[in-house]
Every structure is written in C-alpha cells, then in structure tokens.
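Two complexes are shown next, each including chain A; its partner changes from chain B in the first to chain C in the second.
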Partner chain A sequence: MSERPSLWWIDWRLSPGSLVRETIGRFLLFCLLGFGLLSLLLSGGVSRILADRYAITAVLRAEVPSGEGEGLARKAAALPPVRSATYRDPEAAWKEFLRAYPGLDPLRGTGENPLPGYIEIRIRPDRLTVEDVELVASALGAVSQVEQVLAGEDWLPRLLRAGRLASWACWGIFGAFLAGFFLVGRLQERARAVALAGDFAFLAERGISAGRLAFLRAAGAALAGFLLAAVGTAASGGVLFLSLRKFPFLERVVGSPADLLLPRTIASAVLFSIGVAMLCGAASLLGWSSARSGRK
Partner chain B sequence: MNPGARRILSAFLVAVVSLGIFFPSAVAGARDVAAELRRERGRLLEMKEREEKTARELTEALRMEKRSKGRVDQLQERLKRQKSLLSRIDRKVSALNDRLERAEKAVRELEAAHGQARTELRRAEVVAFFGQRAGAGDPWHPSDRERERHFMRVYLAADAEGVARITRAREKKEEELTGLERQVAVTEKKRTREKKVGDTLLSRQEAERTRLAGIEREKKRKEKELKSLRAKIARMESVVSRVERQVKERERRARKAAAGKSAAREPAEAPRRFASLSGGLSAPLAGKVVTRFGHQHDTTFDVTIENRGVEIEAPSGASVKSIGQGEVAFAGAVSGFGNVLIVQHGGGLFSVYGRMESFLVKQGEAVKKGMVVGRLPESPSGKSVLYLELRAGGTAIDPTSVIPLDR
Partner chain C sequence: MIEGFRLGVYSRGTTLWDGLDFAFGDAAAWFVTGPPSSGKTLLLSILRGERRPDAGDVLVSGESLYRGNAALARAWRASCGYIPEQTVADARLTVGDLFRRSALAGGGVRESERKERTDRLLGMVGLQGASAWRISELSISERLRACLAAELLRGPKVLFCDGLVAGAGVPSWEMLWGLFRALAREGNTVILAERRIPERWALASGDPCPVGPFRVYRLPGPAAEPKGEPG
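Let's turn to the complex of A and B:
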C-alpha cells in the first residue's frame, strides 16, 4: 500500500457504536449547558429577578397634578440606569394601598384619599448597583415636586449582596457542570483508548507514532466538541427564544428574546463552544495518556 | 220761704245797707241799715276771699295736674323705651338660644365624629400592624412593601391629623358654646333686671294715674266751687250795683227836689262827668296796663271774666296818688283785692284803688288830685300791680277812657 491511511476520526472508524452514543450524550449535555449559559447571560444571574423586584419610589407632593407627574416619569425614564418609570396617580395609589390593606376600605367611609401620586422607577439589571441607585435617587430628590424618595436605603445593600451571591452560585453550578463533563469525558476517552489499545499498537508497529495518533484523536475530539457545543447552544437558544415568546412571564426572569441576537450573546456562545472544544481535546489527551501509563 | 222770695228780700236788705254806706245823711235812722249793709259787704268780701282761695287751690290743682300729666307722659315714654329694650333683649335671647342650639348640635356632631375618627384610627393601626407583619414575611416584593409602609404612615398621619383637627374644632366649638352660655346668662340677667324696672315703672305709672285722677276730681270740684262762688259774687255785685243806682236815683231826686235846679245827668255821660271834675284827672302812678277793662277770656281756666277795672303794673313800693280831689270813703282790706281805698269825688263818682300795701290817708279825709294816698307792696320781682276801678252812678267805666294810661 503506497497510500498512507488518514488518522482523522480514527476512533469513529475503529468504534463507531460507542462514539455515536457518546456524541448523543454530549450533544444533550451541551444543549443543557448552552441553555444554562444563555439563560445566565441574559438574566445576569439573578440580577434581572432582583431588578424586577426592586424599584425606587418617588413620592410626589399631594398638589402635583397628573400631567406633571407623567412628565416627571418621562424625565426619570431618560436617566441612563433607569429601565422604566411609571407614574401612578393618587387614585391608583389608593387602590393599590387598599389591596395591600383590605381592612382599611370600610374605615374610609368618606372616600377621602390621603395618599399622593408616585413614580415607580425600575433600574436596568446590569446597572443595579448602589452607586446607580444613589444616582437616580439623588436626581429625583432634587426635584421640587418630589416629597420623598424611597430607595430601600436600609435593605438595598443586603439585597444586592444576596443577588451577587446567588449569581455566583449560578455560575458556579454552570462551571461544576462543565467540570463534571470534563471528568466524565476524560474517563470516556481513557476507556476508549484502553479498548482500542490493540488497534493502536498495530498502527504503532506500522510506523505511526503515538504522539501523532494522540494529537489527531484530540483534534478530532475538540472539533467534534466545538461542533456539538455550537449546535447544542444554537438549539438551546432556539428553544429559549421560543419559550420566551410563548411564556412572556419568563422574560421577567431571563430577559428579552431579542437579547439572544445581541453580538455579545453570540460571541459568548462562540467562546463557550471554543472552550468546550478545548475541554474535549484536553479530555482526549489526558484519557490517552492515562491509558498508556496504566493509570486511571 | 222759697229761694226766689229769699233773693228778693236779701236784695232789698243789700240795697238798704248800700244806701246806709254811701248816703249816711240822706236817710234818717238808717244807721242800722248801714251796719247791715256793711255786714253784707263783709260777707261779700268773705265770699271773694273764698273765691280767691279756691282759685289759688284750683291753680295749684292745675299745676299739680300738669306736673302729674308730665310725669305720666314721662313714665309712658320710659315705659315705651323699656318695652322696646325688653323686646330687643328678647330678640337677642332668642337669637342667642338659636346659636346655642346650633353650637350644641355642632359639638354633639363633632364629638360623634371625634369618637368615630379615633375608633377608625385605632382600627387602622391594627390593620397596619397586621399588614406589616404579613408584609415582613414577603421579601419577594421589598419595594412594594416599603412603599406600602410609607403610605401607611401617610394614612395614619392623615387619620391622626383628622382626629386632631376634629379635636381642635370640638374644643373651639365648646369654647364658643361656653361663651354663648355666658352671654345668654348675662342677657337673661339683664332681661330680668329690665323687666323689674319695667314693672316698677308700670306700678309708678299706675300710682301716678291714680293720683292724677284724684287731682282731676279735686280740680273739677274746685272749678265747680269757683263757678258757684263767682255766680254768687256776680249776683251780689249786681244787687249792690242796683242798690247803688237806686240810692243815686234817690239822691238825684232829693237834690232835684231840694235845689230844683240841677238837671239830671244820664249815666251814659259818666266818662264826661269824670272828665269834668274840678281840677281834672291824673294817673295814679306811672305804669303799664296789664289787665284790661271789660270781658276778658282767661285761658288758664277757659272762662270769660268781666273786669270792672284795670290793673297797672308799676315798680314795687311805688306811691299811689289820687286821680282827683274828693274824700276817702273807705280804706280797708277787701278779699281778692287786698287793701282797698275808695275815694268819693262827688256826683256819684268813685275811684277804687286795690292791692295796696299801706294807706297814707284815713277814711273821711279830704284828698286832692295827685296827693299820695298809699303805696304798692314790695315784691321780689321788683314789680307790683295796682287795681284801679272808676264808678259813675254805680256803673264801672273804663279808666283808660278818662285817664291817660300807658297801655
């Protein structure tokens, strides 16, 4: 035989059955990880949840008319850290108040409303920091029509700290999954190397170096991992997109589906795929190495 | 004896007496008749004195009546003002009572509102407490809870302010109520006092009316008495005059019979007779005639009085002179005229001077024209009045027609 055989996808040629199973498993895992990654990217951990829960309330003076209140809300919405600013007139405030304290309804037989109107300001998830909150609060406090600004001064730092911890936990879980995948992939690679040890010895006797064989196997695994991760992430992105469109309440937790198409999201997905490819290649080399040395 | 016969007899007696006075030498043995005539004249003087006294009493009664009527009018005016004042006070009391009622109602309503507001505030506090407790376990909506807590504070503050406002309003109303009650008490007290004053005025008015009625009765009685006395005096004077005329007629006849030469003179010529007195006539004193001769209407008593002489006002203590020569026929006091001096000028002519203080001549003494016969009394006002009467043949004539007197 004058023509030298290609060593690309050698494992597919030597053991296609097991590789199909592995590939299906890895694809499902990458779909899951991709879904988690995109969700974390869009939500910023728990920032979006916190941003949805947290709001700055600018209590207006009693004599401020509705038109003026709405104008103030529009001005507040123009502040950079602000995601939305909604004006509630005294009547709406009274109804909300009565919903919170239904027992008060019969006490006000005269129907007199002692409550003023207010503006509810919500901060962008990525700007939910003490500094930005103080910036908005001080800007609102300087307005003469605003009687008081309620910005959760006493509990806001605790809330943000808890949010940071929760976000770190989410990313930690994501990282743990990746680490688990790496360990499992290394074991799979080692097991396959052990199983195909005879075939590899035969190739070595025919002049193919072990290093070249290991490299080509790792490159194949990395390329396969990249493709699987990319496809899996894309698929999970599609599922996430559809889910967000179908269940709008998820937007309050995850975010807008349009954010999936942002360059930074796509770049993050590509980076994730590259990372996965590297993990796959590393797992292949380590599995080969441990199989050759007889270590586990 | 019937009254008519008695009058004729008395007239006869008076005539006889008169003859005795003026012509003591004409009838022999007429001394008793003259004495009788003097007595009758004395009675006449007494009657005039009584008339004067009654007139004074009547004047006094009229003065008292006038004063009493003035007092009654004054009391009526005061009573009217008192009634008006009481009416005003009643209206004020009524208005105050209305305001009091309204204020009491307002206080009651405010108390009810205050109680309800306090109850509602307590209930709101309870609701707030339980609401906060429920909200404390809900960290999922921290900003909503924060806003609700703030609004609850606003709500409770508004409720507390409402309670405070009602409390202030109630206190203010209570103060107003107290003030009104005080005003009502003061006004009631004033009303009672003014009513008492009104009652006193009413009783005084009643007493004054009773007194006035008594005065009016007295006045009527005096008027009647005066009228009766004047009628008697008039009758008496008429009789005296008639007797005088008869005496004069007899004298004329006697002279005619005795001398057979002098012609009879008509009474209508009396003023000419006075003017033809030897030596002429002069005024008794310098003064002004204040009461004229003849029929004069008295506005005080609303009666027409016949004056037989004139009254001349002159300085107090002025000397009174005889208007012509003659002889003093009488000098003494006469009721209603004070001290009276009668001068007989002869030929049936007499001049009478009344209201004198003293005489400077005696009865039977001859006087000449211009001779001082007496003086007028002293008076605090510096003025006194002389009564001057002229008689010719028993007829009174107007002195101003024969003597130049300042009218």
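Let's turn to the complex of A and C:
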C-alpha cells in the first residue's frame, strides 16, 4: 500500500456509464464545431464569396496587340494580391458583350469591333482589402497601354465592411457555440461532482487531498477534451474534404480541399483542440468548486 | 501505537469529554464501548485524523497527527480503513463498486487481483456472489459486512469500525471474532466502537480500562483464546 493511488481518469472509473454518454455528446459537438471552424478558416468568413464575385477590369487601349495584352496579364498575375489575371482580346470581349446583351449585333454594323481588349484581375480572398485593390489598380493605371481601370472604388469599401461584419458574425456564432459548450460542460461537471460526492468524500477520508482530486479530474477532462476535439476536427475535416470533392461548386464558397492540409489550417485545428482542452479543464475545476460550495 | 493525550471535545455548547488519555498498541484488536451520544464516532474521527480535537493531540508512532506535517496525516489516513455506521451516500452503488472505489483509494491493485480478492473477501463475510447487488437492496448487516470486505481489499494497517459488531448481528459475531484476531495476528490494529460488547468477548477480554464515558477492552490474542465459541 505504499504506492500512490493512481487517480487518473477517476471519473471514468467511478462513473463510466454517464461519462460515455457525455463523451459521445461532446464528440458530436466537436465534430460540428470542427466543421464550422474549418469551413470558416478556408472560406475566410464571406471573403471567398466576395473574392469570387469581384474583379478589377483593366481596359486596354484599342491599339494594344494581343501579345502585349497577354504579357501585361502575366505581369499583373505576378502582383502579390492577385489570384488570376486573364487577358480577353477584343473579339472575346465582343462575344461576352453579346452574351450579356443579346440583340445588339447591329452595333458592329460597319464590321469594326467597337470594344477594346481587357484584362480581368481577380484578387486572392485573403488579400481582398481596399489597400490591396488600390495597389493593383494603381499598378495597372500606371501602364501606358491601359486606358482605364474599373475597380469599383466607390462601393468597394462599403462592400468590404459588410463582408467583414458578416465574417465577424460567423465567428461570433462559432464563439457562441463554444461558450455554450463551456456553460453546459460546467453544469455537467458540477452534476457529476455532486453525484460522485460520496466517492470523493470516501477518498478524502482515506488521505487523498481534495486539491489533488480536483487537479487530476481537471487534467483528465482537459486531456479527454483535447483528444476528442482533435479527433472530431479531423473527422469533420474528412467530411469537408469529401464534400468539396463531391460537390465542386462548394469550393466557390468554402475553398479548395487541398487547403485543408495547409500548415496554417492544421495549426489552427491544433490550437482549437488546445483551446477546447483548456475549456474542459476549466469547466471541470469550476464544476468541482461550485459542487463543493453548493452553488449552481 | 496510537495515543490520544488529554483529548477534549466541545460539542453542542458543552464539554462532551475532556482530558481523556488513550493508548492503542499495535497488532491488537481494541473494543471501545460507550453509551449513546457519548462521542464514540467522534473519537474514531479524531483518531483517524479527520476531526481535530478541541483539546489534546493524537500521536501515531510518536508523530502528532494535528500539529505535525499534513502529509503525514494524509499518509496515516491512507493506511487506515474505516467502516462507518451509516452508509446512506453509497446507496446508489453496487457491492462491486465499493471494491472498485476501495481499490482506487489504495492504488496498486490490479484488475484481475481485485476481482479474485473481491470474491474471496465476499465469501469470507458471507456474501458470496453479491458483487452485482445494489447497496440499497442490502440489509444493514449485509451493508456493513460488504463495507468491511471492501476495506479489507486494501489491506489497511489500522481498521476503524463504528458499530460494526452490533450492526452485523449475532450470526456474524463468530466470523468477526476470528477475523479481528487474524488481523491482529498479522500485525494489524483494529479499533471498534460499540455501545456494548458481546458478553463472551467481554469475558475473554478481562477487565476493561475506563476512560471517561468509555470502556476500552483489548481482545485476547490467539494465545489467550478462551475455550468455546465467542458470542
């Protein structure tokens, strides 16, 4: 009897049935939260939707040859905020125009194409800011072959502000779910601490300090929380990956499935798991202390 | 050796007892009797290091339980077994849960060993196959015997029993008599608190030592075994 009692996973040893139920519930919640987290990380809130729908148009002068326009597009594509830059020659521009406004063929009655060529520039979702758009627009505007840059400077700040608010709202909902989990988790921990009060009193009577019990319970809860969150996030990542592969149109909203394996995405998932572990540990400690003090 | 020096307790606005001296030698079974509300349960709590006396001190092997190192007091409690008179809080548990919990408190008891010893100890106290029984479905005698068996799982150096003999009932006295003597023979100390001692146990123990409202008997060792069955 000289060995120190092993109190790791003490709640599992004393009350395995209720903990299995709690663990299943938590795992499902972490799957949901993990799915939300990864979707938000990949999409950047609503940034990807905005970036997909927003484009800067650099209208070229009429006399600019196609080769020069393509060269300009390549240079524009090399700018850091630019996701893609595509040159459209005057003929392609005319066809697009007719698709958008059918029945206006007579405008080309004399045979001459009234439209110039242009470069369509799309911005990376994470660089869709007023500063980066201005950077690209000013770079293009300084080129002599460019007649005009259409970047929507008048309405873009309002659009981006609305997008930012929408993103914050998305993260806010995610945070509210996390906070809800913490509150429910605290109540669960408290209920379990009350239910096991007799067992804890038994152990305290036999020389096991309350502080050690509380610490080991919290450590166990944190470790279990980390593992559950990590597995739940990985599972939801797998589901998201398969969903994006099966329904490619989702990529326009969420992003590429390959982005799931980016180091920053993995690091965020690990940070999320660590955060969940800390919440679980804190919920355990608070539940324990409120159970002992008789508070709700 | 467990010694209580000048122990005093003030309760309900009055002095329950004061200036009591006790000395419980190792490897023996001790029987403390006292009338109702005399503070027998309280005395056991004080000796176990659970409740600080209002006066005096308890020494275990020469070390103070209440004025010394807190870790020492915890180690002392860890080496003790305790069978309380009331086990209301455990009503939701099964007998097997009592053993699981006791093993948890003791540490170092392997699962297979625990199961094997559980069956053996339950058989010893006359509760064969009771592992899955709910405590709430047991009689008082069965509860106390189940608690006793669960405490013995850890092999406590000192066993405190509160009202065990009376609660277990006359049919269990022979088993308890043999058990306490066997524990003492193996070097353990047993301290029992009861309202009265069975007559034959009192005869076998000789004259008690009066301490305040209590009478302290030392149960005889195997060498001093009286002829005939106790109880």
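The rule is short, and it goes like this: the second predicted complex is superposed on the first by the 281 of 296 C-alpha atoms of A that agree within 3 Å, B and C clash if a C-alpha of one lies under 4 Å from a C-alpha of the other, contacts with A are read in each partner's own complex, and residues count from 1 in each chain.
Definition applied: a residue touches a chain if its C-beta (ideal position, glycine included) is under 8 Å from a C-beta of that chain, and two chains touch if they have at least 3 such contacts.
Being a predicted model, the structure only gives us computed values, none of them experimental.
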Superposed partners chain B and chain C on chain A - clash or fit: fit
Chain B versus chain C, judged by how many residues of chain A each one touches: B
First (chain B), second (chain C), both or neither touched by A:Leu115: first
Partner chain in contact with A:Ala55 - chain B first, chain C second, else both or neither: first
Touching partner for A:Ile10 - first (chain B), second (chain C), both, neither: second
Which of chain B and chain C A:Glu205 touches, first, second, both or neither: second
For chain A as apex, the angle formed with chain B and chain C - C-alpha centres, to the nearest 10 degrees: 180
Partner chain(s) touched by A:Ala197 [first = chain B, second = chain C, both, neither]: second
Minimum C-alpha spacing, chains overlaid - chain B and chain C, in Å: 62
On chain A, the residue positions that both chain B and chain C contact, one per complex: none
Interfacial residue positions of chain B with respect to chain A in the complex: 120, 123-124, 126-128, 130-131, 135, 140-144, 146-148, 150-152, 154-155, 157-159
Chain C residues touching chain A - in the complex, by the definition given at the top: 48, 50, 73-80, 82, 89-90, 93, 97, 100-101, 104-108, 154-157
Of chain A, residues touching chain B in the complex: 53-57, 59, 93, 96-97, 100-101, 103-104, 107-108, 114-116, 118, 120, 148, 150, 152, 155, 159
Sites on chain A touched by chain C in the complex: 1, 3-7, 10, 13-14, 197-199, 201-203, 205-209
